[in-house]
Each structure stands twice: as structure tokens, then as C-alpha cells.
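Below are two complexes that have subunit A in common, paired first with subunit B and then with subunit C.
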Partner chain A sequence: MDFLVIQFLNGLASASALFLVACGLSIIFGVMRIVNFAHGSFYMLGAYIAYTLAGPLMDWMPGGFWLALPLAALAVAMIGALVEITLLRRIYRSPELFQLLATFGIVLIVQDLVLILWGPQDRLGPRAPGLEGAVNILGSPFPAYDLLLIGLGPLVLLGLTLLFRRTRWGVRVRAATQDREMVEALGIRQDRLFTAVFILGAFLAGLGGAVQLPRAAVHHAMDLEIIVETFVVVVVGGLGSVAGAYLAAVLLGVLNAFGIVVFPQISLVLAFLVMAVVLVVRPLGLLGRPEAASRSTTGLWDTPIRPMARGRRDIVFVLALVLAVLPVFAGSYLLTVFSEVMIFALFACSLHFLMGVGGMGSFGHAAYFGLGAYGAALAMTQLGLPMEAAAFAGPVLAAAGALVFGWFCVRLTGVYLAMLTLAFAQITWAIAFQWDSVTGGDNGILGVWPSAWATSAAAFYYLTLLVAGGGILLLRQFVFAPFGMGLRACRDSPLRADAIGIDRAAHQRLAFVVAGAFAGIAGSLYAFLKGSVFPDVLAIPLSVDGLVMVLLGGLQTLTGPVVGAAVYKVMRVFLASWTDYWRLIIGIVIIALVVAFPRGIVGYIQQRIAPLLDRPEGDQPKAGPP
Partner chain B sequence: MIIIDRRQLLLAGTALAAALAAGPAGAAESIRIGEINSYSGLPAFTLPYRNGWQLALAQINERGGVLGRPLEVISRDDGGKPGDALTAANELVARENVVLLMGGFFSHVGLALADFAAQKRTLYIAAEPLTDALVWEKGNRYTFRLRPSVSMQAAMLAEEAAKWPAKRWATVAPNYEYGKSAVAAFKAAMAKKRPDLEWVAEQWPTQNKIDAGPTVQALAQANPEAIFNVTFGADLAQFVREGETRGLFKGREVVSLLTGEPEYLDPLKGEAPVGWLVTGYPWYAIEATAHKAFLEAYQAKFNDYPRLGSVVGYAAMQAVAAIIAKAGSTDTEKMIAAAEGIVVETPLGPVTFRASDHQATMGAYVGRTALKDGKGVMVDWHYADGAAYLPSPEEVKKLRPGG
Partner chain C sequence: MKLEVHKLDAFYGRAQILFGVTLKVAAGEALALLGRNGAGKSTMLRAILGLVAARRGRVVLDGRDISGMATGRIVRRGLGWVPEDRRIFTDLSVEENLEIGRQPPRAGVPHWTVERLFSLFPNLAEVRRRPAGQISGGEQQMLTISRTLMGNPCVIMLDEPSEGLAPLIVERMAVAVTEMKREGLGVLLAEQNLTFSRAVSDRATIIEKGRIRFEGTLECLLADEAVARAYLAV
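The block that comes next holds the complex of A and B.
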């Protein structure tokens, strides 16, 4: 019994720490609709700044430590202000999820800056003065500082509730959550409101990091360690609901505290199991309310996609010709890089089919890529099939996975749907990671090399060109087939689509299977390209890479994912071999692209460049004003 | 208005492809070594490692290089991802024409590189990866490994720990291959000497994500007499802090893998655990001449003290130079023949790469942790020679595929 009480308190302490970070994210998302990847970076910066301030402040005055924590949070709030004013404000009119790309750029930049400013070593901050020791609870020593944390969570919850319910500012924020345009029409400056909300969110994240100082070492992987779990808390709680976030944090903290007693490996996957169950049972999270219909049109496609014009087809034809003769000029390394780029172009296209064409955001697309890779690798090593046969097992397994996951996902919409895909992807990853006897665990599956005829870089390059290129063209055909048209109708107007008898669920499930199968083909090729498969083909970073490629190219175009994949992958490969600070440079480039091309690269070309090229000959621009 | 026609596009594309394909011209006479490590993935260990090999490289080239040619290292970051490591390996072999590959930190990255080496028939000197599989069940003739493996280090610790009266044991290890195989190896080594032991609890926190409070509480609940710890880095700091506050280590013996390495011990500063039996690297107290020379040169060059990673990087580079010198050539087959059984002088003393499994006999320092001047140090330590903790060539034959 005593043990149960103590373990419950342990769970509550962990929950408070998680809640502090999550509530800021929840507020930012609720009001600004920004999926803020940089929230984990704010948390990490809070911890590092608190570490730096704590030493001098403690020497300067007694109790200086307690000054360091809020000061660190304030410093992070200022960084947040800088980010919002200089970057995010420029891209509010961009399509949904596009801001995610900008915040991802910030994540990369902060990772390298932290390494440059604070060095590679882990840093252990001082213990909290006055609360160093333990309090005896039911005969067990319990850290005094954890008691403080347990109290801090509900206190922040109370403060935020009062802020949003009892102050004029809070009411305005809630109004903006419901209807941005109306609030603006009433004369309230939306940009200032947004800046303030973002600063508040960054402050809370910074505070969340700072209060970790007496408990944990400060290190440079803190950002990624917290960010995904924070998203889970926000979604399980219900988007925008601060009380829900607290409830979800407590649920996760306490379940983990007891879970590891019974099943010590559970923390690997617990958060995602909980999220999957909650979203299947309660599609809007524990305390979520249905999103008010947004009047903003930025998320919609303003012009329907059309098959490629004749002139563009010529460009594609020339490009294909260049790619076909490339092996004559290029060495084997370059061919391998190009093979990888084409594989990721197919992967990005399959994600785009789901997100852009189907309107279903996916944060877990690596699941199908990984299932494809594992399917091919297992067919080869366990069943002893040759490459030609094993390669088919990949897409089959991926499509099967997509069928199951899609079955549950299509019941949801928006970010909830995206997060459920993430949950399934993480569960798949955990299985691959833990099931040593079949998947080899994190040691992976080795010896997945292509058949003799395809071992040379040039042969494999042609194989990839054929399969990936063919796959991309085939996916394109789907978009203009009746199935694709139905899918686009469901995306743009579910009600009208329903009225003319289109079965939305069936279309969307099939979209999952198609996207999964093509991602599986990409994964299968990837396995043979690399010769081995590891759980990271199923992991979050790959899903994020996919998102970055699609958004970078432009969500509202069909060529976008190909261009995005090429730009991002080539940058990654070549920068990584030129400089140590490739993350910093890629981060800056991404942010520059986001600001310069607020609709993605291809989106920009279509909107600004293409009209110039398409002008019929002889139609010269008129001089002077019309 | 510029209108680009098809022909111009084709020409431009071809020119671009040709420019990309040409790449840098082949080096005139230096011997090119490919080096890959997780510099952005685990900088706390890999940056000192890089200092180590850079120091050795500078010394080797000052002495006139190898075979009368200077060594040149082309280094790449894998970010802790096997896929990126393979891209880099391919670049180094196919484009930079390196004669061999070295490096690797994470076990799975090491395994991926080893498999690549076998496929491409390239020599790979694994410096860091600790998994047993690298030289045993997934070993291949193109792969050699420098550091003492998980099971060697576990056996070194078990030798001491088996002498204790403690019967009830608990384990805590990160939930991935390294943690799992370390616990299995330690249990196996202990079982040989102490069949009477009881394993009363195990905790498997997720790497870098330990929820230390509940983990410590769950271990305390089982009331073990001794604890075997494999967590390291940030997890270790959190585990130690929670464990001290909650009195987990009071009256209990603790055995801890790698904790004596400055990489992991130094961040704990004044809160370093006291009296733990650990493997590590007491650079401040090693009297051997070879190490003294290394220490002085390292401190002179970097104005910092070496970490274990520095020694590993330094010794790996020495091994590479020795192998090429002995082979008298950069031909892969000749280098493999030379590497089998070669003796390499390292700061830790001479080390032999065994012909049977390509594992080096590098050992580890085993001792107790203590506090000195507000810092964690190792005391009562001795150097355990790796050769004593390796299976015989006959046993190895059964462990390796195809003997």
C-alpha cells in the first residue's frame, strides 16, 4: 500500500513536469493553429539558460537559484517573441501545416547553437537550495523538490484558467480561438494577440525546462526527447484544452509509474498506446471540443489541380532523358545518391497523395516506408526469397499495415488524425525495436543486398529510376482517375461529396492503402540500396523528413514533393560531408525558403513564374499602366 | 523574357551532371582513410574521440607517414543513423577512394558498416561499437574491433562482484541492444561463479528518457542487496540523483558499466557516486610511459584532458597506421592478412588483434568510484587485460558464422 502511494506521487511529479511544457504547446496550437515543433527547443533552451544563470546568481545572493528559474523562462519568452515577430508572422497566410516547416528549421538551428554555445558535455545543475533532501512519506524518503513540482502543476493550471476566464485578454484569446476573422473585424489586433500567446507558450516551455534543472542533467537531446511526448499529452487531453493537458499528463505519468513495475519496458511505447486507445474511443481527446469551422481559406486549394500542360511534359521528358543518360557521366557514388533521392521522391509523393490529395495529414508515414523495408528484408532473410520476389513482400506488408491503421484513422480529422497515424507508427516502431527474435531489435537485419545483376551502382540506379519513376507517374494517374477525383471531392467538401453519393470512408481507406503501398515500394528499394534495415526506417525523424519534403515543395502541387525531396535530400547528403554544422545551415536554408516561398517551391513557381512562361508568344507586356 | 528551349535544357542538364560527376581529383600520394562517427549524435563522446585520432594522425605524419606517404583522413558524421552512415561509407569508398574505413560509435551503426565492408570487400576497423555480435555471430573477415566488448567488460566486473556476499541482485539498463546484452552477459558471467544468486528486479528505462523517480522506487521495492547498472549519460545523472535522495544505494553494493569514464563521471561533479565498482578510465593516475607521453601530447595540443574516447580514437589511428605499415600495401587482402594477429602499441599498452575473431585485446580499468576535491575519480583500480576475458579460438569458431 505504501508503495502504491509513493509510486502515485512519483507519477504526479513526472506529470507536472510534462504538463508545464505541454500546456504552452496546447495554448499555441489552440489559438494559432501552429504545430510548433520548436516547443522542445524552447524547453531545452530553458534548461540550458537556467543552468548558466544558476551558478552566478547563487554566488551573488542567497536564494539566487530561485531567481534563475523564472529568469530563464523569461529569456526563452524573449526568444519566442523574436521567432514570432521575425518569422512566423510572415507566414500566417500560408497553407495549413506550413508553419510546421519553419518551426522545424528552428529546431535544427537551436540544436547546433546549443552545441556551439554550451559544448558537447552533459551539464548537471545544482540541487534546489533548501529542497535538496527527502521528506519521509509513509516510511519512504521522497524528494522534497518533487513535492514542489506536484504542487506547481495544478498551480499553473489554476493560473491559466483564471487568465483565460477572468481577464479581458483571456476572453479575446478565446474569441480568437473560435473565430479569428470576427475578432479582427471587431478591431482587435490579431497579430499582437498572437505574439502574446506565442510568448506565453514559450515562457511556459522555458519554465518547464528550467524546473528540470534540479532533477536531471541538461543535455543536447532534450528537445527531441520531450517534444513528441508533449504532443501526445496535448492531443490526448484535447487540442487547446489546458485542463485536458493536465489530465492527460497525470494519466501518462501515473500509468508509467505503475506500468514499469509490472512491465519494465513499457515506457518505450506507453504514451502511444494510450494515445491510440484514447483517440479510437474519444476522437477529440479527453476534454477536446469540436473545432469551430474556420473561415480562413488558407488551408484550401484555391485552384483545382490539372494534368500537366504540354510544355511542362516536355520538361519532364527532358529530365527523364538526363536521368537516363546520367550513368554515362556520373560515378557510382553520385548514382547511389541519386537512387536515394528518387526513393525519397516516391516516399514524399506517397505522403503527398494522403496529405495533399486526400487531405489527411500524416505524422507517421514512416510506418509504411519501414514496413516496406522490413517486409522485403524479412522475406529475404527468413523466407530465403531472392530480391525479385522479396521486393514484393514490402509493399504488401505496408499496404496491409495501411489498411489496418487507415481503418481507424479515417474516423478522425485534422491534427487528431495525424497524431493517430503517429501513434500507430510508433507502435510499429516499438515492435520492430523490441522483437529481437524476428526483427533483430535495434541491431536490425543485415545482408539485404540486391541480386547479382543489380549490385552495381548503375544497375540499381536504373532499377530505382524505373520503379520509383514509374511509381510517381502511376500515383499521378490516380489523382486524375475517378477514384482520385472522388477523394479530392471528399477533401474539399465532405457534405457535397456525400450528397452525390461518394462513400467518403471507403475512398479515404483506399487512399491509405494506395499511399501505404507506394511508401512500401520506396522502403523496399531503400532496404536493398542500403543492404540492411534498422528500426529508424520506422521512426519519427523519417516521418518528419517526409513532411519537410512535401511542405518544402508545396502541398498544393503534384510536382512539389519530388522537388522538395530532391532539394532536401541533396542538401542533407552534401552538406553533411562539407560541414559539421549542417543542421545549422539546413535550418537557415529552410527558414529562408519558407519566407521566400510561402507556398512551397513549386507552389511559388506555379503562382509567380509559370504565368510568365505560359504567355502565348507575341503577347508582349503592355507598357505603362493599363 | 528568356525562353529556354529543350536543347538548351538538355545541354544545361548534361553539363550539370558532368560537373557533379567529376568531383575532386584523386590525391597524388597521400593514403586516404575514411572515418565515420556520430559526431552530431553523441558529441560528448565522439568529439574527444576525434581529438584523439587527430593527435595520432599529426604524430604519424610528423614521423613521415606510412610507407613513405602521409595519411589523410576524410571524416564524416552519421548523426547516429545507420542509413546516413552507409551513405557516407559509400561516398568514402566509391568517390574518395579511401583504402579502409574506421570509426562508428553506436552498435547498430557499427553492424551496418561491418556488413557494408563485407559486401564491398573493404577493411573496417570498428573503434567504439561494443556489441558482441560485431565480432561473433555477425562477424566477418573484413571487420576488426578495437574496444573491449560488452561481454568482456561485464566479465571483468563480474570477477570482482562474485566475491561479494550479496545474493539478491537487481538490474537497471537502457532498453536497447547494448543494455540488454550487457545485462545478459553480466548474468551469465555471474552464474558461472555464483549459482546461488537471485535476480529480484529489472528495470528497462527508455534510453535518454528515464523516469528516474518511479524507476528508483521500483528497484527499492524489490529490496535487492546489490544493483547492476548499465545506464549512462543523462540517464545516469538522473538515476544517481534520485537514487541518492531516496536512499537506494544505502547499504547496497552497485556495479556499473562504463561509469568510471570521464565522459560520464565528470558531469556528475560533486554528486558522483562513491564506492561503486565500475569500468572506466583514470587518466589522472595512470603511470605507464606510453600513456604519459600520450597525456602530455594531448594536453599540449588541446589544452584539455583526454576522455576515454580520446584514447580510443588515438589507438584506432595507431592501429590503422600499424596495419598498413605491416601490410606494406593498401591492398585490402594484404591488410587483412597483416591485421590478423598484429600487435599495436597504444597508450594502454600493446594490444593484439586476434586472428580468430578480429577482436583486439584492449582491456579496461576496473576500480571503485570515490570523491576527490569535489570530483568523481576512480580508486583502487587495476588494468584488466582484455585477453583474459575472451573465449578461446576454438570457442570463437562456434560463435562466428562459417568459422
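The block that comes next holds the complex of A and C.
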């Protein structure tokens, strides 16, 4: 009995910190509609800054420790203000996914800044003065500081509730959460409201990180660790709902505390299982409300996807020719790099099929890439199949996964759908990570080598060129087939598509299967390229890489993902070999690209440069929108 | 002139919706913008307010050029908009909704207070603390108009304020519009309901497929049955 009580209290203590971070994210999303990936970075900065401030402040005055925590949160709030004013404000008119990409750029920058400023080793903060010990609860010791944390959660919830109910500013925030266009149409300074909301959110995240200082070591992977949990909490609670965030944080904190005891094997997936169940039963989370339909007129899909013009086809033909003769000039290192680029181009195209063509954002596309890789690797090592046969097992497994996941996902839309894809990907990752006997767990599967004829770099390069290039071309065919047309109709207007008898769910489920299968092909090629498979191929960073490639290239063109993949992958390989701080540079480049090309690289070329080239042919000097 | 719109074009994506629409509204005058469903009335109001990003043409409010300005600035310059679908904040109480609309008093423009609006729409006073999502459709319409008036506009644009309301409430709306005119506001009224328009407006403009088809007094329009039949759902 007392053991249960202690576990329950443990759950509540971790729920508090999670709640601080999650409610900030939820408030920011509610008002600004930005999925702020950088929220975990604010949390991490809060912890590091508190660590740095605590020592000197404790020497300077008694009780200095307790000053360090709020000061750290304030410092993070100021960093938040800087980010909002210098970056986010410039891109409010960009599509939401690009804002997400920009915040991901911040994540990369902060990761390297933390390494530069604080070094790679874990940092242990001081214990909270006066609360170092444990108190006795029903005969068991319980950390006194954790009791304080348990109280902090409800206190912040109360404070925020008063802020939102009793102050004029809070009422505005609630109104903007429901319908921000209307708030602007009533003359409220939207920019100031956004800045203030972002500062509040950053403050809460910073505080969440700072209060962790006496509990756990501060380290440089804290950001992604917490952001994933935070997403789960926010989505389970309902986007934009502070009370929902608290409810979800407590639910997950407590479940996790018991889960670790009862089923240690599934502790990693527990949160995601809960999220999947909640989203299937309550698609808007526990306390979420439907958002006012977005009325923005800056549609993402105002430029329809068209078959490639003749002139561009010549460019592709020349490019293909160059790729075909490349082995004559290039060494094996370069060929391997190019093989990898092509594999990721196929991966990006498959994600683009889901997002750009199907209109369904996915934060968990690595699931299908990884299933493809594991499918091929297992078929080879467990069933003893040769590469030629094992390679088929990858896409089949990936397509099967996509069928199951897609079945649930297409019941949702928007951010909720994206989050559910993330949940499924994490569940898949956790299975691969923990099912040692089959997948080898963290040690992965080794010895996934191609057949003898394809072992040389040049031979494998040609194989990749053929399979990945062919896959990309085949995927294009789907876009212009009746199935692709129907899918795009569902994306642009579910109502009208429904009215003309298109079965939306069926189209979208099939889109998942197609995208999954092609991602699976890419994954299985990747397994043979590397000769091994590790759980990384299912993990979040790979999903994010996919998103970055697709968005960098541009969502509304089919060439976009290929260009995005090439630019991003080449940049990464080049930078990683040249400096340790490649994240910093890539982060800056991503942000610069998002600000300069709000429609992606190819989108930009299509909109600004291509018309200049086309003009001499003089086919359409018509008046268009300004 | 309080509001002058000169050759306004507006686009949704690549589709052009408005073609060189021109109109003027004077102080204390109500101009009815009439047209069938889909004619472009709402787009017209949204484009004037800057909510349609892709637009061309000149809009002058109270002598100052507001074309190309951001919506918030236009509103703070004194242009009020009451959307067709009301868009009240359902989670907020009636009073909180009014609070959102509040702007500082403006020189030379009628000043509206919560108490004054409650005397214009007594029904609202009775539900002042209730969440706005739980009041009747008629009360919601009164609320959305009051909320816009809290911004002390010098020109107000109303998008089908009589749509779907009981006759008694429509009469209340007519009284309110008359009061606004008496205070010297310019009123631009997008409507399909001829009876209501006749009760409150002085002049009328007919829009069809994004182009102006008729301009004149309402008497003129009603006398010419052919015009009314051709462009309006009568």
C-alpha cells in the first residue's frame, strides 16, 4: 500500500515539471498555431542557466539558490522574446509547417551552443538548500524537494487560470486561441500579443528546466527527450488547453511511475500507447476544442501540381545522364554519398506523397523507412534469404505497418494526425529497441550485405540509381493517376470531394500504404548500403530529417523533395566532415532558407525564376493576382 | 466621404473574385450592397478590411489611404466589421466579448460604452455573464454588432446582419442601424434581404459575379422590377 502511495507521489512530481513545459507549448500553439519544436531547447537552457547561476548566487547570499531558479526562467523568457521578435515575426504569414521548420532550426542551433558553452559532460547541480533530505511518508522515505514540485504544478495551474480569467490580457489570449483572425479584425495588436504569449511560454519551459536542477543531471540531450514527452502531453490534454495539459501530465506521470514497476519492458511505449488510445477515442484530446476553421487566404495549394514542362524534362534528362556516367569519374566514397542522397530523395518523395499530395502531415515517417530496413535485414538474417528476395520483405513490412497506422491516422486531421503518426513511429522504435531476441535491440542487426555482384560501390550505386530513381518516377505516376487526383481533391476540399462521391478515408488509407511502401524501399536499400540496421532508422531525428527535406524543397512541387533531399544531405555530409558544429550551421541555414524562401527552394524557383525564363515564349501575359 | 473604394480587385489564390468595384459611403449614410449568394459581397468587405491578401485598388477611410495596410491597423483607424457568421468567442462571457472589441475613444467619433450598448440591446444586459456560446442566435447577432461598436468605428461594415433572425429581432437590428446613422457613422450593409435593406439604407449598389451592375437610390431600384429580378433573389 505505502509503496503504491510513494509511486503515486513520484508520478505527481515528474508530472509537475512536464506540465510546466507542456502548458507553455500548449498556450503558444493555441494562440500562434506554431508547433514549437524549440520548446525543449528552452527547457534545456533553463536547466543549464540555473546550473550556472546557482553556484555564484549561493556564494553571494543565503537563499541564493532559490533566486537562481526564477532568474534562469527569466533569462529563457528573454531568449524567447529574441527568437519571436527576430525570427518568428517574419514568418507569420508562411504556412504553419514552415514555422515548425524554423523552430527546428533553433533546436539545432541551441544544441551546438550548449555544447560550446557547457561542454559535452553531464552537469550536476547543487541540492536544494533545506530540502536535501527525505521526509517519511507511511514509513518510506520520499525526497522533500519532490514534495515541493508536487505543489508547484497546481500552483502554476492556479496562477495561469487566474491570469486567463481575471486579466484583460488573459481574456485576449483566450479569444485568440479560439479565433485569432477575428481578434485582429477587432483591432488588437497581434504582434504584441504573440510576443507576450511566446515569452510566457518560454518562461514556463525555462522554469520547468530550472526546477529539475536538484533532481537530475543537466545534459545536452534533455531537449529532445522532453519535447517528445511534451508533445504527447499536449496532444493528450488537447491543444491549447492548460487544464488539459495538467490532466494529461498527471495521467502520464502516474501511469509511467506504475508502468516502470509493473511492465518495465513497455515503459518506453506506455506514453505513446496512451496517446494513441486517447486520440482514437477522443480525436481532440481530453479537453481540446475544435479550432475555428482556418480562414487564411494564403493557401498552400493555390499552385496545383502539374506534370513537368518539356524544358524541365530536358534538365532532368541531362541530370540522369550525369548520374549515369558518374562512376567513371567519382571514387567510391563519393558514390556512397550519392547512393545515400538518392535513397533519401526517395524517402523524401514518399513523405511528400503523404504531405504534399495527400495533405496529411507526418511527424513519424521514419516508421516506414525503419520497417523497410528491418524487414529486409530480418529476412536476410533470420530467414536466410539473399538480397534480391530480402529486399522485397522491407517494403512489404513497411506497407503493412502503414496500413495499420494509417487506418487510425486518417480519422484525424492536422496536428493531431501528425502527432499520432509520431506516436506510432515511437512505438515501432521502442519495439525495435527492446525486442532484443529478434532485433538485437540497441546492438542492431549486422551483416546485411548486398549480394556479391552488388558489393562494389559502383555496382550498388547503379542499383540505387535504378531502384530509387525508378521509385521516384513511379511515385510521380500515382500523383497524376485518378487515385492521385482524388487524393488531392480530398486534400483541397473534403466537403466537395465527399459531395462528388470520393471515398476520402479509402483514398487516404491507400496514400499511407503507397507512401509507406516507397519509404520501405528506401529503408531496405539503406540497410544494404550500410550493411547493418540500428533502431536509429526508426527514430525521431530521421522523421525530422524527412520533414526538413520536403519543406526545404517545397511542398507544392514534385521536384521539391528531391532537391530538398540533395541539398540537405550533401550539406550535412560536407559539414559533418568539416566541423563538429554542423548542427549550428545547418540550423542557421535552415532558418535563412525559411525566411528567404517561404515556399521552399523549388517553390521559389517556380514562382520567381521560372516566369522570367518562360516569358520569351510569351504564352501567358495575362493579369494575375498581385 | 467616410469610405471610398476605388477599382478594387480581389483574388482567392488565382481566382479573381472582384473586378474593379468602386463605391462610396458618406457619414450618416447607409449603403446597401446587394447581390445573390456568391456574388462577392463578403469578399468585398473582407478585401476592404485587408483580410484578402491578394487585392488591388484604392481604399480611403476618412480621408486617409488604407490600401495595403494590415487588418489590425485598418481597424484601429476606425473601420468596423461584423462578419457574416458572427464569430463570437464562445468560451468568453458576453462582457468579455465586448471587452475584446474595446478601443480607446477617438476624437470626433461616437463613443460606445458597455452600458450604452446594453440599453441599445436590452436582451444582452440580461445575459452579460453567460458564456457567449450559450446565448440565442439573435443575442449572438446583437453581441457581434456591439463588440464591433466597442471599437468606436467611424465606418461599420455589416455582413448580412438579418440572416436567419426572427422578425422581431430584425426590427431591433433596424433600430440599431438607424441609431448608428444618427450618430454619424457610415454604414456599408451587405444584404440579400430587401425588406431589411429598404428599412435602413439610403442608396443601393448591386453586385453580381464581382462586378457592380446597378447604383442608385433604393426607390429607383424597387421601381425597376426588371433590375431587381435580374440580379436579386426576389
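Operating definition for what follows: the second predicted complex is superposed on the first by the 611 of 626 C-alpha atoms of A that agree within 3 Å, B and C clash if a C-alpha of one lies under 4 Å from a C-alpha of the other, contacts with A are read in each partner's own complex, and residues count from 1 in each chain.
Just so we're on the same page, a contact is a pair of C-beta atoms (placed from the backbone, for glycine too) under 8 Å apart; a residue touches a chain by one contact, two chains touch by 3 or more.
In this text, all values refer to a predicted model and were calculated from it rather than measured experimentally.
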Subunit B versus subunit C as contact partner of A:E181, first or second or both or neither: second
Which superposed partner A:S493 touches (first subunit B, second subunit C, both, neither): neither
Touching partner for A:S140 - first (subunit B), second (subunit C), both, neither: first
First, second, both or neither for A:Q382, with subunit B first and subunit C second: neither
Contacts of A:D122 with subunit B and subunit C, given as first, second, both or neither: first
Touched partner set for A:W449, first subunit B, second subunit C, both or neither: first
Which superposed partner A:V325 touches (first subunit B, second subunit C, both, neither): first
Greater residue coverage of subunit A in the superposed arrangement, subunit B or subunit C: B
Doubly contacted subunit A residues - partners subunit C and subunit B: none
Of subunit A, residues touching subunit C in the complex: 93, 168, 171-172, 174-175, 178-179, 181-190, 289, 292, 295, 297-299, 302, 624-626
Touching residues on subunit B, where the partner in the complex is subunit A: 1, 3, 6, 9-10, 13-14, 17-18, 20-21, 23, 39-40, 43-44, 46-47, 76-77, 79, 81-84, 86-88, 90-91, 94-95, 107-108, 111-112, 114-116, 119, 131, 133, 138, 175-177, 180, 202-206, 208-209, 211-215, 217-218, 220-221, 233-234, 237-238, 241-242, 245-247, 263, 266-269, 271
Subunit B contact footprint on subunit A (complex, rising order): 3, 6-7, 10-11, 13-14, 111, 115, 120-124, 127, 132-134, 140-143, 146, 215-217, 219-222, 225, 256-258, 260-261, 264-265, 267-268, 314-315, 318-319, 321-322, 325-326, 329-334, 336-337, 340, 433-434, 436, 441-444, 446-447, 449, 457, 526, 530-532, 534, 536-537, 541, 573, 576-577, 580, 582-583, 612-613
Interfacial residue positions of subunit C with respect to subunit A in the complex: 9, 11-14, 16, 49, 51-56, 71-72, 75-76, 81, 83, 87, 89-92, 96-97, 99-101, 103, 147-148, 151
